[in-house]
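Okay, so chain A shows up in both of these, paired with chain B first and chain C after.
The block that comes next holds the complex of A and B.
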């Protein structure tokens, strides 16, 4: 039963991913992307990682897709403008499939021996309690560093996106410096 | 648990003092809105941290802090001190713009506090990255460093060259991050751990079909950061467009961080499979030394030339990595190369920053007559450039010599010969700079047009140049003094 559900969800994921890539209008792609994220979080539920599933929905389907939609609205792209040359698309597809095949082949060779070595997850694996315990103990330093990374990104955006308020202020500043 | 956390915090003051300084700058900027005050706070904060890390640390052998996420050994402390020196140097190089009456600088230096915060926090990212003992904080450190530098490159935001540099660096850097993350995913997927010591245990124990993929992707990601050939394509445009203080930062701090983290990840994680990665890594480094120098020969713009020169130096740093072993603190050749190379390039970029006319590209021809009109600057630039080239009595020769000596001792004969040939090619373009420098040309040097733009009111840049020249001279004639510093103070070998 689980196996059937897995293959169903996986097939739908492939389908929605294909639709994201090949729909001509970017906004349609964004909508299919939401479906794709929902299906991904279903997979996380299957392996018992509740927290990751919720975060996947909140962050990706919630925030990221909204952001993508905003960008599409702001850019107001013409469908013809974004369709590239066919030849480029085919080469990239072939390259991608080859590298994916190589990765899958490596995984196929190594997976059985890998799984034997790995410790089996405990009963609380993936629950929010286990997750938060790990987060504030083993990964407390990473957690703090991530905070500073976000602060840096915030200030960096301020640095790059700053515009002078208006020309009147500009002349004020000039007057002040001349007076000084 | 609380007690260990507090003792960990006490031990690692010199690491978390970085973001503390940045927070102080943020708060001071919100309250006082005065960029000179912010500059003062950053200099004092980083300076205090430097004094603390030079004199008030204890050399306990190896300490894993914060539940094993941070490794605080003598290597971390040494690299932290270098990072503090570099950050202070870049702050000094950027400071004259604060006092400039030129409209261009006045407009941009309204944002100087943000610039300082980005610089300090990205320095913190570098420290986090090379002190990491865990894949997550390793990656977060690399990202903090990278995001800070993307913003710094675009500091002159109304200028098209600076924005171009920021955008190119962002796109290529983002791509390299993805590649690095892919490598990290392979490491985690094939071992099931994020701590370096556990990863190396698993890799040493069993068969490892995925390790090759992990090694290749991680190496490609790190080679982007270190700008090794063929992952160096972004360097000329990014280095030229960025503000010169930031170019200095890219050529020193980013390389320092990249070498530090490569050292950790290759020897601590992949130490057991060194036969897998050494051939790839060596060929990248040798290619950088040869192609970096050949490409630099054809450059007409001074900053592009220095960019390619930094590519070839990155190759030497990479070769130094082969001779090191972080777990036992071995790698004197690499550490002295890092210290001296950083000092010399900070000096060169300080001179470039003072002489540069920001409204156009700094060409080699623009150097014509400088040595005659401004002999002190001419001689300083000559000494530093000869140092970078590796001409005998200077420090730049000693550091290359030690790398070659170690390479031969560990029987990398072919590598040593190729690297030597590459660096001989390099001498040609450094001599080209000297030729322009002392060639009589249009003698408009020292005229008000260029020198009024940047006035170094607090002598910061000039003292930095003096320090770099002294380092280059004394380090060559009497290498004992910094060898002693590395070997005894930090107990490295």
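The block that comes next holds the complex of A and C.
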């Protein structure tokens, strides 16, 4: 029964990933991306990583997709400008799929232990306590660097999105100087 | 908890990464490119968490945490660049973002 649930979730994940990647309108892609992240969170629950599942929902579905959707709505593009120009090269696609199949087949031949069921994890696996112990004890420096990276991204986005008042109405200023 | 093998999880991760990479190469729209990038990072995260579960070691989960930090930064900066591109060109087709070509 749980096997069936896993296959159902995995199939829906692949389906929603295809819809995210190949729907013509970005807003449809963003909405399918929410479903994809929900299904990913379900997969994390299935393999016992509970804290990761919660973080997936909070950060990805809650913050990143909302940011993308907000920018799509802010840009307010013309419908005819959104898509077009996409061309699928079928030869490359078939070659890529064949090489992918070859790699997976070689992996299957060389390491059959990959197909064994995973052993049951320790009782504390996936809990917030085990996660934070590992992070603070072994990776505290990386944690600080990640915080610094977020600060830098904040400053960078502020600089990029800031519009200087002098250049805001550039055409108006030129018109005024010509009139003067 | 479901009894699955690492091969099944890795196949899901690999397939989603391939779909994201294909979309990234095919799409001509800057926001769609960022969305496909998120898809690829998400696929990598599935592989990290699966190996973390396989070896009963939380380090993979910590790496997942760092990947979503970088993904959040990348999305924010990328969307700010898309916003500037829209102000400059009045559309977000990446064929027309050729100011650095010279």
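Everything below uses one rule, namely that the second predicted complex is superposed on the first by the 116 of 180 C-alpha atoms of A that agree within 3 Å, B and C clash if a C-alpha of one lies under 4 Å from a C-alpha of the other, contacts with A are read in each partner's own complex, and residues count from 1 in each chain.
Methods note: contacts are C-beta pairs under 8 Å (C-beta built on N, C-alpha and C of every residue); 3 or more make two chains touch, one makes a residue touch a chain.
The shown structure was predicted, so the numbers you read here are calculated from the model rather than taken from an experiment.
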Inset, instruction - Considering only the touch criterion stated at the top, classify A:98 as touching first (chain B), second (chain C), both, or neither. - result: neither
Inset, instruction - Identify the partner contact of A:13: answer first if only chain B is touched, second if only chain C is, both if each is, neither if none is. - result: second
Inset, instruction - Pick one for A:73: touches chain B only (first), chain C only (second), both, or neither. - result: neither
Legend entry - chain B versus chain C as contact partner of A:139, first or second or both or neither: both
Legend entry - Touching partner for A:148 - first (chain B), second (chain C), both, neither: first
Inset, instruction - Quick one: classify A:109 as touching chain B (first), chain C (second), both or neither. - result: first
Inset, instruction - Identify the partner contact of A:37: answer first if only chain B is touched, second if only chain C is, both if each is, neither if none is. - result: second
Inset, instruction - Name the contact category of A:164: first (chain B only), second (chain C only), both, or neither. - result: first
Legend entry - Touch count on chain A, higher of chain B and chain C: C
Inset, instruction - Based on the superposed arrangement, let me know which partner A:128 touches: chain B (first), chain C (second), both, or neither? - result: neither
Inset, instruction - List the residues of chain A that touch chain B in one complex and chain C in the other. - result: 114, 117-119, 138-139, 142, 146, 149, 152-153, 156-157, 160
Legend entry - Residues of chain C defined as touching chain A within the complex: 1-12, 14-16, 18-20, 22-24, 26-29, 31-32, 34-36, 38-39, 42, 45-46, 49-50, 52-54, 56, 58-59, 61-62, 64-66, 68-73, 75-77, 79-84, 86-87, 91-93, 95
Legend entry - chain A residues touching chain C - in the complex, by the definition given at the top: 2-3, 5-6, 10, 13-14, 17-18, 20-22, 26, 29-30, 33, 36-37, 40, 43-44, 46-49, 51-52, 55-56, 59-60, 63-64, 67-68, 71-72, 74-75, 77-78, 81-88, 93, 96, 100, 104, 108, 114-122, 125-126, 130-131, 133-135, 138-139, 142, 146, 149-150, 152-154, 156-157, 160-161, 163
Legend entry - chain B partner contacts - residues on chain A that touch it in the complex: 103, 106-107, 109-110, 113-114, 117-119, 137-142, 145-146, 148-149, 151-153, 155-160, 162, 164, 173, 177
Legend entry - In the complex with chain A, residue positions of chain B that touch it: 1, 5, 19, 22, 26, 65-70, 101, 106-107, 110-111, 114-115, 117-118, 121-122, 124-125, 128, 134, 136-137, 140-141, 143-144, 147-148, 150-151, 154-155, 157, 166, 189-190, 192, 202, 206-210, 213
